[in-house]
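In structure tokens below, several structures.
Both complexes shown next keep chain A, but they swap its partner, so chain B is in the first and chain C is in the second.
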Partner chain A sequence: MFSCEDHGRHHGALESQAFLVSGLATGIAPTRFALRASVGITADPPSLVWSEGARIFRRGHCNRPLTREVSMTTTDTAASDSGSTALEQAITTSDPLVLSRIWGFGGMTAVLVGAVASFLVGIERLDLASANIFSGADGLFQFWSAHRVAFVLLGALPALMALATTVVPRQCGGLLIFPRAAAMACWIWLIGAGMTVVGFLVDGGLGTPGGGGQRQATALTIMGILLVIGGLLLASVCVVTTIVSGRRAGMGLRDLPFTAWTVLVAATVWMGMLPVLAANTVLAYVDLRGRPALRFGAEDAIWEQVSWMFTHPAIYVLALPVLGIALDVVEATARVDQANRDVLLVATAAFGFLSFGAFAQTFFDTPGTPIAEEALSVVAAFAIVPVALAIVGGLADTLRRGAANLGSKPPAETVCALLAALLVLAGTAVGAIRVVAPLELLETSVTGAHFSLVLGASILGIGAGFYHWGEEMVGPKGRRPGLFLLGGLAVAGGTILAGVADLFSGLLDQSDFTGVDLSTAGNPGSGVDGLNVVSMLGSLVLLGGLALWMLVGSLHTAANQKGAT
Partner chain B sequence: MATTIPAPPTRPRTLVVASAFGTGCVIMYFGCLFALYFSIRADAMAWGSQWYPEGAIQLVPGGMNMATMAMSAITIGWAVHAVLNDDRIHAILAMALTAVLGVAMINQTVFYFKDMGLPIDASEAATLLFTIVGSHMVMVAVGVLWLGLLLLRALGGQDTSRHRDLVSAAALYWYAAVAVYSVIWIGIYIAK
Partner chain C sequence: MLTTGFKLWFGLFLAAVFAAVFAGYTSGATETGPISLGWKGGVGNHVSYTILVFSAGVLALFGLVAVAFRDADAEAQAEVLGLEDAPEAQIEVGNSLWPIFGALGVGSIGVGLVVHPAIFVIGLCIVAAIAVEWTMTNWSEKVSGDHAVNTAARENLMRPIEIPVLGTIGVGVLVLAVSRILLASSVTGAVWVATVVGLVIFGAAILISQRPELPRVAVRGILFAGCVAILVLGIVTAVSGEREFHHKGGDAHHDDTHVEADH
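For the complex of A and B:
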């Protein structure tokens, strides 16, 4: 006689045996997989080992009659009430799979919204001397800052959380710890994201250079961002606790698959940086409310206080889990063990360490010693390049050894994951160029190019992760969505076009925020006009790729849901 | 019919681990505020500017609050010890006393905010002071709510040595609140 939770553990043991059998049957000799399985640890790809019974259990629909009373634990997920509607179930559920869909669709929708804002800003930049589609510099600034906020806080981070709440617990051989807290985190984030978007749309945002925004709307945006941060932090605590303390017995940190390991490192860095961002926004909010702002809440000062989150080195922390996803995806699809595993674990940890960017707050620079030009910041920018190179080298080695298994048409997720890793490497290289003091690129559009490359890599890697583990997240096994590769190539192509064009525009002295007059744009050379057209086209291609992904993903999910019922 | 079940995995103190991570987040939040406070203060001092008006910050209210928090650190330790020893009466007493001390600290802070004659928009220093001390007040209020929950559990007989993690987690959070206040006391009330 055993409880529902025991039932799941029992299935976990069966999964391990099933994986061993499947590995032997396919002629693979996965030594590490076998070792892990012998201690009850499942490995990638989960689709090979996750039995339907286990899936049903993990989705919180275990209807097995219990023969003894079971107390609720930190890992229990509430079973759905058969009398409740679909909406009620969606709102009240603590099922990590449902939550991951909310994180995933919400995050990718925000990325799409950010891409639209980026495209509009790109159109405006076609004529640097005047305002064409926005009312003025303030309106342009709101969209320009909105696209960065949407990409990072409303898009990439939540989408990563979708993978972190489903894939990571599976990789740890356990269940998500504190599922109710994770549900609360998800809804807090969603409400905060809604408030943030509304704040931007009603002439608020994170301040404007001319002070023309609505103060109440700005306050609403800040409150929304605080809720977003709160939700992301709470979810991070749940995920990290799952990895640290909810791993299957006998599984050490060194046994973790790369996605779980990089999420552990990245979430630890998020828990270090997001509270700092919260402190910045609280300070701005306190100063903003009720009376003329003194300094922190001034309209033209708010963005600069929080801008450190959207640039070097903090931006790299979005790319870290993507490197883990790439390592896992390539290892699984090439069907060979990753060599030099410990070296890669250390390299990814170093990548995370170098991503900690809460110190780089330019708003509080002491006159004469800008933080971006100080040794710590410059060394971090250069040190992260060889670290990224080492990780990409590890990927290349696995590809070389597993080339025969990949065949002439490698899986779509492998292509996207590799492109993502290469974009991360390109992003770190641009980040290093950016801090070379004699070039004076810190305020130029090289910063935008850096952002585009790293964010593009992050989105591409997240897409690869969704595709690789998609059937575990959105529905039962079946036809995998077509056109994914086309969308991925569009995302990669758009990112490269926009990033490279902005890089060269920056070298021609174009400012990061161009405003609506030539002096704000930095009086760049005439060559930037053509580059801005290329950058705008890149944004358009990126937007098209994301739209294709969303369409295909939605149709696939709907089809799977229909099939499931 | 007997069913063989794999041995359950050992799950080390998830509540305490999660609480440690959450408390770490709070520490980072205050770390940022303190860094900004001391950095801006150092700049102002270097330029010879007045940070707080003369006599605006009194040592006594801050000192009383520090004493209150220090006492609460002892009582929360007492609560953990009592729970470990399944001493229900002492556990209830200790947690109630800690909560009362927390409420007293909040009361003293609110009284001092109204009494000190330094409006929040008087200067950057005042804005920072209200943000830091106000944030700490929220931290303590959360701790008091947490202790209230623990008290309810204790009254129901659930805070025992077998289920001590929630008390240990609350104690960890409370110690962090005391540590944060000690920095406020030294850095703001004493150093001014």
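For the complex of A and C:
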């Protein structure tokens, strides 16, 4: 911990101010502030641009003790207010650390729920002749679409937001800008996630092929997703603003660590894509309500309008921050500076550009060439492979030069981060194979394999990030590297099993959504049953790994809470 | 000197422009269409071309903003503002009720759109109220560097509005809830309910006044639990419906005169 005394004040106005800040030296250490001195009233009128109240925490490199005062009114409560109950403190918090735990725990729980849904769908796929678990094709479709929504919008993105709201501001050397807006974003997302889950559970979801879902429940799901998008967008704004305008003095964008840089690029892309997804859901909602749907709100059309968010190229935007995490983790654990830093900054920015997928909406295909077969989409699918290869090459170079520092037992987070980067590379390769027109793989389970690999990479990288910065986010006690590594290997193994099996099933013409009978599966007599067993086992292993991670996280949190009390 | 942010956005802008032109030529555009934004010929696939050109425009705007504000560099801002030192970033703010209540308001709007217009209107009212409160909180925090002065400034302005409004809403909601409970009870039962509830409130008030050392949290807890109990009972009885009212003189008369049936 280091701190810094803030002396000089413009116009000599606030000379008595002194504020305590910890944790800026490393950019990572816990930020805990304490009141040390009251602020004198000045004769200076407040500035409209930089009001005196806002001139409390100086940006820039500090090597002196900083003290600060928490600004609040009677409707606000200090975290240390002894009159506040724990519940009051929890729901009124604007502390990024607390918010990150809500994002992180909520996101990883959703990922776990998505894995359960994926496993159940995998079991059902073993016996395509009858729907034993689900009521029929509509029920199966609801779970199948639920697992993708849970993985992406309720799981991976919020979990990334957990890292973005805590790690990124510290890497920028400052505080999270708009912390109350970030708190509101977190609560909006949580409420929206709850509505989405309830919507799926009461026979809603994002439409069904047979039109057998409940209309009102479907509307509730759509509205829940709209709130989820709103929460994620607001949080993205806070994070991007922090990176762009909250850096300490002297720190340029080129000086940002890779996690902050990739989050900047990814959050910019999210802010470009998520409003389009919101527009899709609004269109579906408006058409769904009140009278028989004309087009956009038809039960069998809703999923196709939002499905672009869960496939090439939009799915890659989940992997981008993971590449940044991997670069930072490997650089920190190998204890060598990353070479060719500028090349990697450009490569990650290019990866982000190629991830923009709002244009690839198959629902709005015009007669002729489908959007997924157009040159733009195909070129993007191929162009992203060398970009990913360049980034993984950068990682490999750092590993090579820092191999001696890693020793024979590399840290668990390094192993997971490397596996995540390799899975991203594998995912881009599968994405390129998928768009080769003569193979006709767009509607097959190769799409599912692509989703599994990229999503699995994202989860693995997020886990590595949580573990790497876990000491600062949760506390130093109760870390279990062995269990974490075991969970990470299970997540990686499960992802590979499911991804590779679905890849070969797709090459054997199995549909992405198999339906509940052999004819809709598109694989009569093709002998993909064995591959489906392998894929189901992969889902089971992934589920086991995630459960183990949840256990590790819970034990870690419990140990530090016990220590705090 | 061009800033890093400008280089990032300008690079992405160029990529978007090239992608748009490429998309145009590979989807049936004429020779000069994609490079003239469709002025001299067709652009091919309108959807992808329009999205990419629009993206390019937005990215160019980002780049111009980045270079105009020097990537929000603190020293550049100090120069613009005429300060010797770089301006300070914002302080860490205290806990606040507004974010969660704002989120609840937004959630109510969403649920209300699906379930019932009344919930939607309640959500709108919550969001409007939170918008005012949040704005005033932010304003008051910048009145001075002294949070006591800030607190006084906010209270002087908002308390005369908050207390009557919240009091009216609170009383109105409680009266409505109690009226639903009484209307759902039988004639005799309503008398008993009113008596018992009145006695409980009176007794609790005496108990609290007799023990001034009672922690504030406990008093708030008792009041919160009592209000929630009345609200829940009010909602339950409102859903279950009122007791039967028999109109005097049968169906032929539609005046307001009626007699109540005791069950």
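In this text, the second predicted complex is superposed on the first by the 475 of 565 C-alpha atoms of A that agree within 3 Å, B and C clash if a C-alpha of one lies under 4 Å from a C-alpha of the other, contacts with A are read in each partner's own complex, and residues count from 1 in each chain.
Methods note: contacts are C-beta pairs under 8 Å (C-beta built on N, C-alpha and C of every residue); 3 or more make two chains touch, one makes a residue touch a chain.
Values in this document were obtained by computation on a predicted structure and should not be read as measured data.
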Touched partner set for A:249, first chain B, second chain C, both or neither: both
First (chain B), second (chain C), both or neither touched by A:291: first
Partner chain in contact with A:396 - chain B first, chain C second, else both or neither: neither
Comparison of chain B and chain C by chain A residues contacted: C
Partner chain in contact with A:486 - chain B first, chain C second, else both or neither: neither
Which superposed partner A:280 touches (first chain B, second chain C, both, neither): first
Chain B versus chain C as contact partner of A:93, first or second or both or neither: second
First, second, both or neither for A:123, with chain B first and chain C second: neither
Which of chain B and chain C A:364 touches, first, second, both or neither: both
First (chain B), second (chain C), both or neither touched by A:238: first
Footprint overlap on chain A, where chain B in one structure and chain C in the other make contact: 6, 10, 13, 40, 74, 174, 177, 244-249, 272, 358, 364, 366
Chain A-touching residues of chain B, taken from the complex the two chains share: 3, 5-15, 17-18, 21-22, 24-26, 28-33, 36, 39-40, 43, 120-121, 123-124, 127-128, 130-131, 134-135
Contacting residues of chain C [partner chain A, same complex]: 3-5, 8, 11-12, 15-16, 19, 22-23, 26-27, 45, 47-48, 51-52, 55, 58, 66, 71-75, 81, 83-100, 102-104, 106-107, 110-111, 113-115, 133-134, 137, 140-147, 149-151, 154-155, 216-217
Residue ranges of chain A touching chain C (in the complex, touch as defined): 6, 8, 10, 13-14, 17, 19, 31, 33, 38-42, 46, 49-60, 68-79, 81, 83-85, 89, 91-95, 174-175, 177, 179-181, 183-184, 186-188, 190-192, 195, 216, 219-220, 223-224, 226-227, 230-231, 244-250, 252-254, 265, 272, 285, 346, 349-350, 353, 356, 358-359, 364, 366, 369, 371, 374-376, 379
Chain B-touching residues of chain A, taken from the complex the two chains share: 1-2, 6, 9-10, 12-13, 40, 74, 174, 177-178, 233, 236-238, 240-241, 244-249, 271-276, 278-280, 282-283, 286-287, 290-292, 294-296, 358, 364, 366
